[in-house]
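Shared chain: subunit A. Partners: subunit B in the first complex, subunit C in the second.
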Partner chain A sequence: MTWSLVLNVAVGGILTGLVYGLMALGLSVIFGVVKVVNFAHGEMMSIAMYLAVLAFATLHLDPLLMIVPVAAVFFAFGYLLQIGLINPFINRPEHSQFMLLIAVALIIVNGLLMIFGPDARDAMVGYAYDSLQFGPLLVDKVRLYGAAAALLGSAALFAFFRFAPTGKAIRACADNYLGAQVVGLNVKQLYALTFGLGTACVGAAGCIMVLLVDVTPTVGTAYTLLAFVIVIVGGLGSMAGALIGGVLIGLSEALAGLVMDPSAKSMVSFALLVVVLLFRPQGLAGRRA
Partner chain B sequence: MTGPRLGLWCDGVPRRALVLCGILLAVLLAAPLALNSYLLSVLILVLYFAYTGQAWNVMMGFAGQLSLGHSLYIGLGAYTAAALFMHFGINPWVGSLAAMVVAAAFGAAVGYLAFRFGIGGVYFALLTIAFAEFTRIGFDHFPWVGGAGGLFLKVVGKGRFDLLHLRGSAVMFYYLLLALTVAAFLLCHRLMRSKIGYYWLAIREDQDAAQALGIHTFRYKMYAVLLSSAMTALGGVFYAFYYNNLFPEQIFSMERSVEIVLGPIIGGLGTLFGPLLGAFVLTVLAEGLRDLLSALGLALPGATQVFYGVCLLAVIVFLPDGIWPGLRRLLGLDRAAGPGPKREG
Partner chain C sequence: MSEKNSASSGQAPRRGLTRRAFNAGAAVSAALVSSGAAMRLARAQDAALKVGVLLPRSGMQGAVGQACQRGVDLAPELLRQLGYSVKLDLVSVDFESNVDQARAQAEKLIAGGANLLIGAFDSGATSAIAQVAEQKGVPLVINIAAAPQITQQGYKYVFRNFPTAPTLVRDGLSLMKDFFVATGHTPKTAVYMHVNDTFGQAMNGAIGKMLPGLNMPFKVVENISYDPAARDLSVEVAKAKASGAELVMLTSRLNDAILLVREMVKQRYSPMGIISPGSPGMYEDQFYATLGKYSDYCTTNVPWYNPHEPMAAHVLSAFHKRWPKDRPAGYIFNIGFTFEAILIAADAYARAKSTNGKALADALRTTHIDKHMMVGGPIVFDAQGQNENVHSVVLENLQQQPRVVLPVAAAEAKPVFPMVPWNQRS
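The block that comes next holds the complex of A and B.
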């Protein structure tokens, strides 16, 4: 094992981790504001992956071009889901909320299975196997472009929450539910917007993800779990934490793939999760509740 | 009939409820005589979910600790007993004791880590999922039990009835599972009306208040996890010897955990009959739907699961307390006193 190999793998892991980060960002935003854990997060991403694969197979559209339209569709989907299904559950006990979203996940996975069948699909873009060389470093084009798109998406979301009046209003809801109501914010509406933004993130991440992995109907559960691990490691509800956690998990998975059976690499992520839960339950970048 | 021993079990239970329980038990006892092998296998599935649901209910319904990783205990129970039987010829009854110990040890690890460090709610549920996933991947790479390729027990002829070695026909497994389900039901019935049961309810409803009243919440939550995991492990042992094949991918999967959770939630969380009723309703509806779809030539993989999802959604949205509380009112079995289902605010 040479240093250049380790370096190459580490850079690949970090780039993949940024895409993970965008996916987890959606979960984190939803939890941070609506206080609901989206148990159907990875499953929603698999819908986006199928949309991107379909667009590529029929219209030869690059999945990266699909990011904006898919994110828009997902925004509407998340908005309506929050208005129709989740808003009535805001004050219900946690386990009812979990079960609600697990039911949604169950319907998505098996709906996809009914429509697309169990076979794996992918989007083989022309540059799938190309890479760029920087000295000793070889970087896959798909990873580089994907990570750049993920960073762009995350930056847009950060800017929205930092500068846009609606973004500030949403942050106000997250900080103080009662206070937001007192000053006359339409909290239910803002929750729906937030859920829409969260699903838009995961939709965008799905489009990027098809460049990196194949999609099957059941792939979603693994990504739901991965997103949980990332946001807990980074800090549930913290936006920066989601990106940090994503990079950390991407990196540790990639490096674990070097020293152990690649199919066992997610054990490292789960071990990391347990360690973080024990010693820093609020996550690396989270604030103590 | 009113000896002190029987009184212990029936005290405060309405006569009508006792009669209905008796009828139900009689029907279940006689069922194999009237059912063909397909319907019997459906009923076995019902009892399996009723039993595992009852075991899960101890933790969530009674003590309020949401586990979404109960497939961990199913899998550990199944693998422990099956591997001991296969490698060392250890009798499955002895093996099931070992299975309970192993599962309870894992349960203790999960519970200790979570409760000691004050991990609750979302984080606890995620911790249970993480443990199940971690173990699944671990078993995938554990050659002693066959790894990802699976572990297989020898299938024997249908005529055997070897209760001692758990090798026999579906009818034997049916009665075994029925006994297990009845035992779990009676145990939960006793627990609900014992000190420990009331402590659990107190913890479920308001943990801080329970602690302020002097309840050792850590200890009682641990009891719930230990009991629930050990009971669930027995379900796993049954699974191993009934189906004769085990794959980590299947038995430790999150879908398995969700299946266990569905029955009690649909039936009625924290109630005694909820897990039974939920398992019955779900399994029978799902099997019926599968038959209907295949009769119409529409048998698509995933259709049953979509149906599960829709059922779950409908029950959670429209019947947050599950089916049983309503049915109980309908049957006129409501007790004035005694622990009822959880009332959601």
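The block that comes next holds the complex of A and C.
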């Protein structure tokens, strides 16, 4: 095994991991504030993937150009979903919330099956087969652009929560629910905004992901699971943790495929999950409860 | 009163059954029984044979399952044209590329009155269905599935018109040697990449056993297995590239074959060739549609239709009539074997004249169909229910369609090897 092989594989893993991170960021933001685990997260991403494929097939629009419009549509979708469907379940037992969102996931999968059928679809952009060479390092253009877009999206979200008054209010709401109510914040409105933002994140991630993988109606389930693994490893509710978790899972899977049987590489991410749960249950960047 | 009347007539009162009455009754009963049997026979001939066809029409193998379904769709009309007057009630079900679903759907079909099952493209699913069929005494005719154990377990109701993995590998590897001889170029090293499902493991096992004895001109320097449902195969391709192998030997499914070629192009890994010793993927319509020029020169040594068989022309003509916009090349393998499975079922039913499972199985055991579509000898089943007369050809993708290049007798084009590097394709 040469060092250039390790380098190439590691860089590919990190780039893919950044896209995973953006996807998981949405789940983490929603849980961190609204305290609802979105079991339909991956399925929502598959809707975004289909929207990007449709835009590419009909208007020849690059999925990366679809990030902003799809994120906007998803923000509205998430906002309305929170107000209309999830809000009545906020104070209900957790299993009710789980069942509700699993039902949403099933409806999405079957709806997509009815509309698009079971075949895999892709968006083969002009640069889909291109790669950039930097000495011994060969970087897949699609992964590079996707990771850059994911980083930009994550940075925008960080900046919003750090600097925007609404972002600060949402953080306040997450830190102290009662305090937020006492100072007169409209918590219901902030919850809906947060759900909208989390859904926008997954919409953006879907537009990037469709460049890396083909989409089928059932592809979302695997990504819901992956997002859970990432946010648990990174720290449930921690935005930085989601990105760290994403990169770590992407990197560990890539390197595991290199040093052991590639067919067993997914095992490594779950092993990592077990190790984190055993020795740092709050996650790598999470705060102890 | 009646007793008195009898006495006055001088006859003894009737007690029990007389010999004459018994004989008369027996004659009537025999007539009734025989007419009943005749009626049942007539009903059996008139009744439709309910055939459950199990295919993965959605999920990971959805595209291939749908291609197989086209064989089912064409079958009734084709059978009529071929002079089969038996009635078949074909009931297709989708097992969603899921082995558990395959088992459940097979049970459901049998509970719903299916007299015979056909399927199921995937070895894992076919194994599960075979267990159910054997348990319930309902014959299963396998269209496509290569795991050898399916017909090596002493099953009495399982029949396969498709080669086992060892046969595929033996044919595939020896055709590879012919391919190198025909083109005058021989790779010295190879990497073997294969899916890790039931079929892939069976192929890997067969290659491991046979390769040393076949005196192949190349050395396998790396063996890489991967999940057929994998979303990313960049690491696998990086490993293959790092091995420096001149030849990629591949046992794939459809989606992973597309992913692998895509990654090879991205990682600028241009081996002398990509050759499958007998797996699906590289001759499917979606492979050409997705990869375009990069699908060319990928080669599969696989059982294929015989272009010189009149039945193949029949099927192709029916295909064009039904789907005028589609190219048959990407579907014909799946259509051919699925149609042949239905042909075998119809032939057995015509001879069995019964929908009874045992009678159908007995008829299947004595199958002998000379005129059929795929390359090979007559369709006959050995004691294990295996047809050993199916043979492979070398199928190379040229101008984005599969062309038979070897054996010479069936060739449609000349073989090309080494393949044109990715960056030199116009």
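The definition used in the following text is that the second predicted complex is superposed on the first by the 283 of 289 C-alpha atoms of A that agree within 3 Å, B and C clash if a C-alpha of one lies under 4 Å from a C-alpha of the other, contacts with A are read in each partner's own complex, and residues count from 1 in each chain.
Basically, a contact is a pair of C-beta atoms (placed from the backbone, for glycine too) under 8 Å apart; a residue touches a chain by one contact, two chains touch by 3 or more.
Quantities reported herein were computed from a predicted structural model and do not represent experimental measurements.
Undergrad: Subunit A superposed: clash or fit between subunit B and subunit C?
TA: Clash: subunit B and subunit C overlap once superposed on subunit A.
Undergrad: A:D140 contacts which: subunit B (first), subunit C (second), both, neither?
TA: After superposing on A, A:D140 lies in contact with subunit C but is clear of subunit B.
Undergrad: Counting only touches as set out at the top, which of subunit B and subunit C does A:L225 meet: first, second, both, neither?
TA: A:L225 sits against subunit B, while subunit C stays out of touch.
Undergrad: Which partner does A:P69 reach: the first (subunit B), the second (subunit C), both, or neither?
TA: neither
Undergrad: So in the superposed three-chain picture, is A:L113 touching just subunit B, just subunit C, both, or none of them (first/second/both/neither)?
TA: both
Undergrad: Counting only touches as set out at the top, which of subunit B and subunit C does A:A128 meet: first, second, both, neither?
TA: second
Undergrad: Regarding the shared-chain residue A:D261, is it in contact with subunit B (first), subunit C (second), both, or neither?
TA: Both subunit B and subunit C are touched by A:D261.
Undergrad: Quick one: classify A:L278 as touching subunit B (first), subunit C (second), both or neither.
TA: first
Undergrad: Subunit C: which of 129-137, 273-281 or 417-425 bumps into subunit B?
TA: 129-137
Undergrad: Same subunit A residues contacting subunit B and subunit C, which ones?
TA: Touching subunit B in the first complex and subunit C in the second, residues 113, 117-118, 261, 263, 266 of subunit A appear in both lists.
Undergrad: Mind pulling up the subunit C residues that touch subunit A in the complex?
TA: Checking each residue of subunit C against subunit A gives 57-59, 62-63, 66, 196, 224-227, 231-236, 238-239, 242, 255, 258, 262, 265-268, 286, 290, 294, 422.
Undergrad: Could you please specify the touching residues of subunit B with respect to subunit A in the complex?
TA: 60, 66, 68, 113, 117-119, 121-123, 125-127, 129-131, 133-134, 137-138, 140-141, 148, 254-255, 258, 261, 265, 269, 300-306, 308-310, 312-313, 316-317, 320, 344-345
Undergrad: Quick check: in the complex, which residue numbers of subunit A touch subunit B?
TA: Going through subunit A, the ones touching subunit B are 37, 85, 88, 91-96, 98-100, 102-107, 109-114, 117-118, 217, 221, 225, 228-229, 232, 236, 261, 263-264, 266-267, 270-271, 273-274, 277-278, 281.
Undergrad: Spell out the residues on subunit A that touch subunit C in their complex, using ranges where they run on.
TA: Counting only subunit A, the residues touching subunit C are 1-2, 5, 8-9, 12-13, 16, 113, 117-120, 122, 124, 128-131, 138, 140, 142, 212-214, 216, 218-219, 222, 253-254, 257-258, 261-263, 265-266.
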